[in-house]
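Only one structure is covered here, and it is reproduced in the block below.
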Amino acid sequence: MSTFVEILKAIGLAVLIFTFLAVVGAMYGVYLERKISGWIQVRYGPMHVGRWGLLQTIADTIKLLQKEHITPRRADVMIFNTAPIIVAVAGLLDWVVIPFGTGFGRYLVVRDINIGVVYFAAMASLTVIGILTAGWASNNKYALLGGLRSASQMISYEIPLALGLLWAAMIAGTLSTVGIVEAQRGGWFLFKVPPLGFLAALLFLAAATAEVNRVPFDLPEAESELVAGYFAEYTGMRFALFQLGEYAEMYAMSAMAAILFLGGWLEPNMPQWVWALLGIGALAMAAFIRFSVLRQVMLVRPILALAVLGAVICGLMVLGIGLGRTPVLPSIVWFFIKLFALVFFLMWMRWTYPRLRLDQLLNLSWKVLLPVGLLNILLTGLLLTVAQ
Amino acid sequence: MTVGLTHYLVVSTLLFCLGLYGVLTRRNAVAILMGIELMLNAGNINLVAFNRYVAPGAVNGHVFALVVITLAACEAAVGLALVMAAYRSLETVHVDEINVMKW
Amino acid sequence: MLAYAWIIPLLPFLAFWLIVFFGRALPGQGAYVAIGALLIDALFSIGILAQVLGGATYEANLVWAVLGNRTLEVGYQIDPLTAVMLIVVTVVGSLIFIYSVGYMHGDPRYPRFFAYMSLFAASMLTLVLANNLLLLYVGWEGVGLCSYLLIGFWFERPAAARASLKAFVTTRIGDTFMFIGILLIFFTVGTLQFDRIFEAVEAGHLAGPLLTLAALLIFGGAVGKSAQLPLHVWLPDAMEGPTPVSALIHAATMVAAGVYLVARGYLLFFSSPDHTALTVVAWVGGITAFMAATIGIVQDDIKRVMAYSTISQLGYMMLGLGVLGYTSGVFHLMTHAFFKALLFLGAGSVIHAMHTNDMKEMGGLARAMPYTYWTMLVGGLALAGIPPLSGFWSKDEILLEAAHNNQGLFILGLLTAFLTAFYVGRMMFYTFSGTLRSHHAHPHESPAVMTVPLVILAVFAAVIGFVGAPFLGNPFGRFLPFAGAAHGEAGEAALGFDPAVAASSTMVALAGLLAAAVVYYWKWVPSSTLRRIGRPLYILLVRKYYWDEFYRWTVVRPTVWIARQLRVFDLYVIDGAVNAVGTVFVWFARLYRLFDLYVVDGLVNLLGWITGRVGAVLRHVQTGRPQNYLLAIALGVIVLVIGGILR
Amino acid sequence: MGELAAFIVLSLVILIPAVIVVTSRNIVRSALSLVPTFLGVTGFYIMLQAEFVAGIQVLIYAGAITVLILFVIMLTEGGSGVDVRQMNEQVPLGATAALWLAFLILVVLFRTQWPAASGQPPAYNAATIGSAFLSSYVLIFEVTSLVLLLSLIGAIVIARREE
């Protein structure tokens, strides 16, 4: 059997698994988003469909599936229909190289390609085509503007993204994601060659946020200016496909960030007392919010829930280390903790920050991120060479 | 039968000639650029294929393929910039209408 | 530190360019730049002197050009002589620079003055540092140029312009001799490095009359530069320049360059057969000293008195060198630099106050300007050679050498000493004693920036002599022995102290002062009667022995006459020939024009016409559309491939 | 066997869109058809075990150049309408030239005896490529980077709107 067929199999597998995963991920991504936006705006968000509105997005999906497909007049039908598929597929293909952890005696990754990082960047860049064509094909000036905007934006931000990836690859000395994670057994890359690691992480996160068109970089779909930009004309399942692609990519980006800088699935090896302190701190914070005046101005319950969750994890860690059986939690759990922490962070940003202007956006990319990234790589290389 | 060098060469030949045809017959400058990209890809296929089947150990073919890709990017950037400039000043992207310098 | 000595000439040079370009923009209109540069140099030189006292010497060369099998090298060396000269130039120079800030205040070309001064300092330092005749000659001409520029600094005065020209031409005569000498040495020895020349001399490659000739030619340069007979005429006129210039260039440093040259090349003179060259030097110096002193007696212009005394002192140095007193000559050079600079600056301050040079109009300035008075008194006594001031020690050494080697010159030296004391006294009495004779002058003390250098110089003039004081064991003599004395007839260098000579010279000096007092202070014998008695002699002196007239009749007039004749020749013969050729060619050209019009142009036009036709046909191929060309290329490739296959 | 099948599939994926690229009257469609062609070529690279080149191919061609082309097409709307004549008058000649060239090259290709060396390339050759770039091809590397920089500046200067 030649490598090629293996690759085909891998891609098939990827599509199979991650359609499911990303559907759930995306649907519950939407749910999470709505909930978090609610919390940040001191309201409950969806509550009625199912307990705490858990079934809300399922209902939405069903609704979307039933909706009619409207094709605008004088739109280029073929391209109009292909665009969402490109976006979705590209968003899903990102997941091929993302390792979830170890188990069953192998790495839980679809395919550990030896150029995983490059592959990731390539797939991320494929999304642009879909968005651009979607914007052009729907024969609508808002859509076209959105498409063009996103094209320029993504092309600009691919470079900082690639620089961030490169940084990690350079530190790890390999392009494969698994290799990168394994290289972090010594410690997270976030704290490597301080503060350059932190800088690179920041770079990567900013670029990733721009790549997935989220606030503060959500110009392509600026609801208030472009009535949702390039998918203004899309309805029903095609719209859902866009959403799917976007959320899939957002999750992928978060996962990649976790892999590159937060040590992927590896369990953070901190001494017992640190864990204890963390847990106590979480509880203390929860108590403070619960009993201080803050409870009148913010929604207490979810915060309490999160704090308690954190405290529980910390407790488990303390216990596990005490019993001397590490890793305490299965690696996949750690991976998801990190993934969702980052996702939460992105959503938090989205509902907190205003939107940039286009020129500010491009200036940021070309005049700040790009030089900083290059300088970062240069310095790191120098330091590493000196260190040897 | 297994896939050999010749297969790749055949495909790349066809791709090259398609690109040539595009370059020869298109009026739109952008389309001509596309044709050029096709020809470059054909060339790259040759490079990599030869590297695989003639000198499997070496990476020269890959190196040159990468160089070609880079130069293709440059060529696209500059070419498209030129197209933009021409379009801005002459309101056309059709090379047979851009004949200011003609006698 | 010695290795960086090349910085010393560089600093004033940079200062020169800075001031030339940015002039008034600089601090103090450039004055501070120049002063700063020279002060740094002074510190540098002191450091170097300290190291040289420690016995260190240094030499560096770099090949400048290769002529056939001979290489021209430029380089610099540091030995005791150089160190001493460096100190003299930089210290005196910086003091004079500071003085000039006050003296040149408000001059329209103030920055240019300092630019020239800096350039002069640079050239002088180059001259001093040079370890070969070539670089030395460069510095030599540089200082010549600067003196020309500075004498003519107030060129709107015709007198100044003429004086500068005179100085330039006169010194140039000497330089010509010197250059011939240099070439002579170069072609006999094949190098210009002093040490190699000396080696050659000691090895006897350069000996006999040739050596004497070379030495004398070199001495010619010295004569011109140091205003020795018969080329002394330029120096008195050089007083037209600003007084600081006279002080720095025409008293302290540049004119001493000649003496320095002789000292530097001493071995040449020394080892010429039975000291012929040295004898010449000695006599020239002695006669110069005497004549200049006599002329100095009758001058009324205070600066001209200084000028003649400078000449005579330079003659003294030459005399000292000539009578095998290498050390004493250089020693006198140093002391003279200090007290003569002092005297000039004092005279400058007097002139600054009186707005006139004529001593007859001055008088009684002692009360008006005490600082100037006292400092000048010190300088004057030093010049007169009154112990324990510096002049005494050096002059005494010279006389000692003279007495030891050549009685005639000893007598001449004593006479000169007497005359020196006399005119010093005359000048002092005229200027400072009695009552003010001019009625429209209001003398006042000069500003501090002028008096402070005076005081410093006075201190130097007073004490610098002790470095050569015999009862201190003549440290100067030990520091600066004559290299040649080591071999050959040894012992000339350092003679012991001879009380008789010292006493006699002191006596003579006191006598001179006394006589001056008799005539000009107590006026027992008024000068008018003296004049009446010795009328012809007086005329002779006032006419300066008719040197200028002599030159006018022997040199200037004939030159002018020849020039006129040449002009006539030029006008009629050469121009005529040129014009004739011109007309002939014009006729040729007229003929050629026809050929050009009809044959050449015809061909060219034909060619152009053909090209045009062909182009008109061929241009249809050039569609201006790359795709057509590309198609053609593709078809061409196809043809080629077919050819390749069928072959 | 599977390899051959994959090869055939990929060839079709490459060639059919290529035909669309050069013939379609709709310039945007032809631009979009570039994507499958490039991806097919990527597949070839993977089959030839040049994974790194493949990744770069996708990144640059599919990700950047195509987008750039689409961008320009959309900015120069005037030339890319469907109703505009896209072909110039030398279609027949060009077609003949292309066909003849293809035929001849194939003839040459089949008449030539290609040197064939058996053997597997090293599994992971990104590192080797990198070292090759920095050791024996460093000059090419530098020149290429220079060209990149120049083209960047040049593109900006040319496309800038004079104000």
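The first chain written gets the first letter, and so on, giving A, B, C and D; residue counts start at 1 in each chain.
Following the convention adopted for this analysis, a contact is a pair of C-beta atoms (placed from the backbone, for glycine too) under 8 Å apart; a residue touches a chain by one contact, two chains touch by 3 or more.
For clarity, every value in this text was computed on a predicted model and none was experimentally measured.
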| item | value |
| --- | --- |
| Pair of chains joined by more contacts [C-beta pairs], A-D or C-D | A-D |
| Distance between the centres, which are taken as Cα means, of subunit B and subunit A, whole angstrom | 36 |
| Chain centre separation in whole Å, for subunit C relative to subunit B (CA means) | 78 |
| Separation of mean Cα positions, subunit D and subunit A [Å, integer] | 31 |
| Shared interface positions of subunit C, touching two or more other chains | 627, 631, 634 |
| Shared interface positions of subunit D, touching two or more other chains | 3, 47, 49, 52, 56, 64, 68, 71, 75, 88, 90, 93-94, 97-98, 101, 105 |
| Two or more partner chains touched - positions in subunit B | 20, 24-25, 96 |
| Topology of the chain contact graph, where touching chains are joined (line, ring, star, complete, other) | other |
| Interchain contacts (touch definition) - all pairs | A-D, B-C, B-D, C-D |
| Residues of subunit B defined as touching subunit D within the complex | 1-11, 13-22, 24-31, 33-35, 37-38, 41, 44-45, 48-49, 51-57, 59-63, 65-67, 69-78, 80-85, 87-88, 91-94, 96 |
| Partner subunit C, residues of subunit D touching it in the complex | 88, 90, 93-94, 97-98, 100-101, 104-105, 107-108, 111 |
| Subunit D contact footprint on subunit A (complex, rising order) | 1-5, 7-8, 76, 78-79, 82, 113-115, 118-119, 121-123, 125-126, 128-129, 132-133, 136-137, 144, 147-148, 151-152, 154-155, 158, 162, 175 |
| Subunit C - residues contacting subunit B, complex | 619, 622-627, 630-631, 634 |
| Subunit D residues within the subunit B interface of the complex | 3-4, 7, 11, 14-15, 18-19, 21-22, 27, 30-31, 34, 37-38, 41, 44-45, 47-50, 52-53, 56-57, 60-61, 64-65, 68-69, 71-73, 75-76, 78-80, 85-88, 90-91, 93-95, 97-99, 101-102, 105-106, 109-110, 114-122, 125, 128-129, 132-133, 137, 140, 144, 147-148, 150-152, 154-156, 158-159, 161 |
